[in-house]
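Dropping a structure here in structure tokens format, bear with me for questions.
The chains carry the letters A, B, C, D and E, assigned in the order they are written, with residues numbered from 1 in each.
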Amino acid sequence: MKNTERNKKIILYLILAIGAFIMFFPFFWMIITSLKTGFEANKVPPTIFPAKATLDNYVYALKTAPFLKYFKNSVIVTIFCVTITMFNTILAAFAFSKMRFPGRDIIFAALVAMMMIPFEMLIITNYSTIVKLGLYDTIIALIIPFTSSIFYTYILRNFFMSVPDSLYHSAKIDGASDWQFLWEILVPIAKPSLVTIALLNAIACWNSFLWSILVINSTENRTLPFGLFAFTNETGIRYERLMAGATIVVLPMIILFLFARKSIVTGVSRGGLKG
Amino acid sequence: MRVKVKNLTKRFGEVTAVNSLTAEFESGKLIALLGPSGCGKTTMLNMLSGILPVTEGQIFFDEKDVTDLTPDKREVGLVFQNYALYPHMTVLENICFPLKIKKVSKAERIERAKEFAKMVHIEEYLNRKPKELSGGQQQRVAIARALVKNPKLLLLDEPLSNLDAKLRVEMREEIRRIQRESGVTTFFVTHDQEEASAISDYIMLMKLGEMQQYDKTRNLYNQPANLFVADFIGSPTINQLHGVYTKGGIKVDGDNQIIKTNHKWQVEEGSRVVLASRAEAITFNDKDDVKTKVVESYLSGKDTLVNLKIGSYNLRGYIDATKPIKIGDNLNIGFKTEGVFLFDELTGERYYE
Amino acid sequence: MSKFKRVKKYKSDEKVTAKTFLKPAIYLLPFILGILVFTVYPFFNAVAISFKEDYKVISDTFSGWGLGNYQKIFSDPTFIKAIINTTQYVLVVVSISLVISILIAVMLNSVEKLQGLFQTAYFMPMVTSSAAIGLVWRWLFNYDYGILNYLLSLFDVDAINFLNNPQYSMISLCIYGVWSMLPFTIILLLAGLQNIDPQYYTAAKVDGAKTIDIFFNITVPLLAPTIGLVAIVNMISSFKVFDALYMLFGGKPGPAYNLYTVIFYLYEQFYTKLKLGYAAASAIVLFAIILLFTMVQNRIQKKYDYY
Amino acid sequence: KKPEVVNEGPVEITYWHTYTEHHNEYLTGIVDEFNASQNEVKVVLVQQPYQDYDANLLQALRNGVGPDICSRFPTNVADYIDEDLLVDFAPYINDATIGIPNFKENLTGFVYGEITQWGDGAIYMIPNICTSEVFYYNKTLFEELNLEVPKTWEELEEVSRIIYQKTGKPGFGTDSAIDTFQGLLIQNGSGYINAKTKQMDLDYDVALEQLTWLADCIKEGIFRLPGDDYYLSGPFCSGAVASYIGSSAGVGYATMNGGAFEVGCAPIPQAGDVLYSSSWGGGFVCFKSTEAKAKAAYTFLKWFTSTEMTARWAINFGALPAYISGMETEAYQDYINTNIAAEALYASKDFINWLNAIKGSAGVRTAIDKMISEACLNNVDPKTALDDMIAAANAELNQ
Amino acid sequence: MRVKVKNLTKRFGEVTAVNSLTAEFESGKLIALLGPSGCGKTTMLNMLSGILPVTEGQIFFDEKDVTDLTPDKREVGLVFQNYALYPHMTVLENICFPLKIKKVSKAERIERAKEFAKMVHIEEYLNRKPKELSGGQQQRVAIARALVKNPKLLLLDEPLSNLDAKLRVEMREEIRRIQRESGVTTFFVTHDQEEASAISDYIMLMKLGEMQQYDKTRNLYNQPANLFVADFIGSPTINQLHGVYTKGGIKVDGDNQIIKTNHKWQVEEGSRVVLASRAEAITFNDKDDVKTKVVESYLSGKDTLVNLKIGSYNLRGYIDATKPIKIGDNLNIGFKTEGVFLFDELTGERYYE
């Protein structure tokens, strides 16, 4: 009896481990490649472990692009972007989940439909808007277009909906206004979901370069991912250097993830509600 | 605060949970809400608190129409039937929350919260999360949370259902005390009649969303408005003899006697009626002439509870334990004036004298 | 008497007054403002462009209004092919990735040890440079020395030219598509699983339910809102498949131009051919298709809304 | 664009580029040098990412925040002319005082024809350097097998077959099958695009013959396409292919083999009378704004393309100066001896030629690529593939 | 099925919810679990059902050690204190679920579910979702769900707490009937002593995670193992006179009399003891010699409940209502043999004769 339990566990872990390996491999490859020489990085067929690991690529990458300045800009953009987005998103998700007003679901459905329009089409007009607003080549241009996200609102609304209404009622009885309920009850309870969304958002901000290369011209205002372009040009890509750059770029996100992971996973489990 | 409801109605789709209820509740009283499961007690409280918007009708607090006021503006305290504690807060934080909202200073709210925690005997658990508490402990937290903020109207939805007898008595006395001292109008849902009569000034009895009777507690027992009330209130259940009103008396089905009592019912001859009598309203005196047969008998303290058969119906009464009773004995009984009522069989309405 | 009359009612008796709208409006203001400027306005602008004939991108001039762009794209076999390819891709990738993600999320949620490690691994693709991912997948798919072919050879299957043989390129694209969709989906599902009160699992266990029963009868239905959410989000995002294609086939829509997707078509029309009118028209067509799909999906989803 | 305020000081012009690493550094140096050398014009250099550069530029132009000058290809120019965006340099170049004497004669190969192909004597592009395809080969292997460097395609086929037989690996590959095919067409006397009729102007038989040949060689295994390696430098360095045609600018990648073998470089094979190697030069364009800016741009470009500067830039970039005077400088001549690709390029200088770039020509390239992959990878009959290509290409041109 | 627990212990961090509990429960009996809120009743049931892993100790079903068996293998039915209905299923689906798991055919399970739904009077609500039900209705669904699958062990955690008196009696009789018919061993948590004694064969009384007494229902009343049991069981609460055991009698604090009863306690002279007596064990005969003073008196049916003072303690007894009683009267009382117990004041342990 106990053995089958044990076997089940082993199979479970095995599947997870294989899956984890498959998911993890590209990341591993990024690191490995960044430690190779140019010759080895381009070798066909590729070698798994570098014959001789070298940190030259990192040295080179750090020398080539003003990573420190980019880093500063990235941090500013990400912090502002995530903060404002989360604020907007929380308010909107709350209105769309717990407040009741006629047309709510229709308006929301229309908004969701807006997600279906390809980004490429939006960019054309948004670019003009940014220029018209006089925000071209400013850090603000990297922030405001993304602070109202239907996508995150959609996700968060879903999570807010799963918080029982009786807690809303309970807070109202206790005299809390909608605003107080939102910040004192709903947000703390939905913290795991919020952290998840904030993390996704942070990663998206951090890595968003398509837009930033469009609206940013001056080195002063450029963000980290821009540093990666230093390794791609018309004659080809220096993968080993690119990977070193990429590793440097994503490092903060990994650290962020490792910090946030705990709150994603250990959700506030329910209890205190009967029936 | 005086509470008045006018044509209060709540429908959930097809279901009518509360049906056109009109009543006025005196200020500072404790009103017990009684009724079978699903009769609309919780719905009623939820409408009073503002959680549920009403379908029709109005609610007044004192003279003010609060029908459209949101719960946070009504200043009510509510113990939810399912507690609805905040899962992410500790017990202390849960109790403090209403005070925090009221911007009571931190020191003061903790002090007050602790005081109420002590009152409901949960002072040891202040730092636990709700899910780390037993059912009864959670319920007590909910009580403390509702009481701590000095509400203008207190609504308690079966607040003691998960407590043991001793604690239950203690809690209800505490609630009663606080209610008296603060004079807060209080609605108290309970399924326990003993509890209801022990603490309430008034009882409102509901059935299928309709109010059956709203009256002083003892009046429900002594002056039931209809058969349902008479039947619902009291233990053992009131005796019911169905029959026809003939010749100034009741001819019980399956029996030939015409039972006469010393009431002068305003009832037409030939009506189908129900003669209802409390067990203690049955007399066993020498002059009594209604013939019955003993079916069962139990000793109950100084008395014997006898189960008697008359026609197709049973009847319970208390007889002195010293009197020897055997099953199958014939026993003559009589009816007192008090505790004996006549109802229309069909509508359940009471015939008065 | 009018005082007693309720003018209008909304869902379970809520009274509709100006206030009903005012409050949500305040909450929605910052959000809606941003959406109007950066989503709604560009959207209608795109609609407008799609009806402009002979639209010139740079100078923003056109010869007149009409359906010319739509006529053109619908008479273009490449566009029709792109729609078919995209739809195929969406159906395969969304359903497969969803199934795998649910399984993995539930498994991840059920292990106690090493959970952190596993989660980190499953999350890593989200921060990995896409160039690295492209490199790896190209390597995995390689005909001569790729791992996939090595694995196939263990089962005596002939090597498949995943990337260069047009016959297999769709399969490769789907494999890659599924893979790249997993981390996001798993993370959201994990968050969704956190919202399920464990007491229901407990109750089901007491009712004699085995792991499998719990999975199908409790976990999946209770997770349904989140599943529906990721299904829609993934559907939308995979209808817009482009990156995967770009990554795997070096900027070409498949080895023999056989894997045009709607967005690739759009991209090509706009970026290399400067035909913004065609691009806009194809965007609107794509929009309509996705809308149709999500409406169907929503219909199915409704059943599971028990909150 | 905002009207220029008449102000003191130099006229500022923006110059966008996508150069990275040492190219970027060097260009910055040159621009600084220019800015320091005079005070009428100030060039502001902006580095842009290579990825999606076309689109970015387009968007910027559309919104009036684009550069004043940048380097572009004739296909782009065709589009810009369509939108009337470009400054015609002819009046400046031909000006008596500020003009460039011998401009046409000094240009290498047929480059003048390329930059004036849009008629009316207008010059929309000022070239500076150009690159082209060269033939890289594994010199060590060639010597081992006693093989001559192929000068014609037939020789290439033969050599490749021998290599294939000896090593089991393809003897030859090409980074850009499109350019190779275009080369085969032109070298064999076929036309390409007719700019007037906006039609394909192919010698059908030649095209079919060349396509069939290419497809056969690939199917036989003696030639290969880059496939999922994108660039053949990787396989070449690892010894997976013995020779390939690639950009002269990619010499750094071609020689990154860890010293495993020696790399040789030669002009690309030819077919017969018409010598041809396609021009990958591009040139500077100036976007219309104010007269002052156009003039300032011209001033800078004139300086940048002067004999000395073009040579320096070419050396730094590993390319060929677009101007004969530049090639003849001592510095450049010295350079050739140190760089195999430059040497091969220099050897091709006289037959670097161009193809018509009109609206839709980008689409034609796509159609050709599709045709080749159909014929070579998808087992489509070459004739069908060719017919499809012509139909598609004509549709592109005719829009 | 016989249930045996051995040294059963459950700790939540610092908190010990159940402490080294050893007991054997006969097969086919209905055992009521009684005890103050938070004493570990729910924890005990959860361990029996397998939901909570035990910290220490073992559980046996018949002879089989099931300590490590998962709940799905134990075949128990459990009504959760908070119901735990599946929110996404209708009432019918909720009840059917255990049968579905058992692969009972669809037609059959619906039939059986309907039968049980009828039994608990929720047949009208079969197509509703739990959130559309009142508290009592939800609770009844939970009962039906636990009963429908014919468990081998039935665990009921305050299953009737939200039902009105009539329904409550009806439900408990149904449960009792099913339990009798199927012979399933049943644990029934309740805080209602009347309910416990009405339906249970045995009662297990707990306090702070420890078992106080496990015995036949009436023995808890007649033979309490310790002061806690004596105090917890019975209404009104047992009378307690604290004092010193001197000269073969009890000298109550604040009083000079030495109370002698006709018991022969095995207790040392000078021990501090508690003399506990049920109200009905107080006699008011002529020979009685313990002097007391009347503090209060209420009429209660045929009797008067008198509250008497002796020393610093109060004492309640029933006296014939015909006897005239005034507050302040001196009244002599005596103690019967039955219903009178002596306990150690400190440990609460009982002294036997």
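Note that a residue touches a chain if its C-beta (ideal position, glycine included) is under 8 Å from a C-beta of that chain, and two chains touch if they have at least 3 such contacts.
Not measured: the values here are computed from a predicted model.
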(request) Identify the chains in contact with chain A as well as chain E, in label order. (result) B, C
(request) Using the touch rule from the top, point out the two chains with the most contacting C-beta pairs. (result) A-C
(message) Report the inter-centroid distance (CA atoms only) between chain C and chain E in whole Å.
(response) 58
(request) For chain A and chain C, let me know how many angstrom lie between their CA-based centres, rounded off. (result) 16
(request) Could you put a whole-Å number on the gap between the CA centroids of chain C and chain D? (result) 39
(request) Please list all residues of chain B that touch 2 or more other chains. (result) 12, 81-82, 132, 135
(message) Touching at least two other chains at once: which residues of chain C meet that condition?
(response) 14, 142, 199, 270
(request) Could you list which residues of chain A touch at least two other chains? (result) 44-45, 123-124, 269-271, 273-275
(request) Quick one: which bits of chain C touch chain D in the complex? Just the residue numbers, please. (result) 56-60, 138, 141-143, 163-166, 248-250, 252, 255-258, 268, 270-275
(request) Could you please specify the touching residues of chain C with respect to chain B in the complex? (result) 4, 6, 12-15, 17
(request) Give every residue of chain C touching chain A within the complex, in rising order. (result) 10-11, 14, 16, 20-21, 23-24, 27-28, 30-35, 37-43, 45-46, 104, 107-108, 110-111, 114-129, 131-133, 135-137, 139, 142, 144-145, 179, 182-184, 187-188, 190-192, 194-195, 197-199, 211, 225-226, 229, 232-233, 236, 239-240, 263, 266-267, 270, 276, 279-280, 283, 286-287, 290-291, 294, 298, 307
(message) Help me check something: in the complex, which residues belonging to chain D touch chain A?
(response) 18-21, 23-24, 46-52, 56, 59-60, 62-65, 229, 231, 233-235, 237-238, 240, 247, 249-250, 252-253, 256-258
(message) Under the definition above, what is the set of chain E residues touching chain B in their complex?
(response) 12, 15, 34-38, 41-43, 81-82, 132-137, 139-140, 157-158, 161-168, 191-193, 232, 235, 237, 280, 301-303, 318, 320
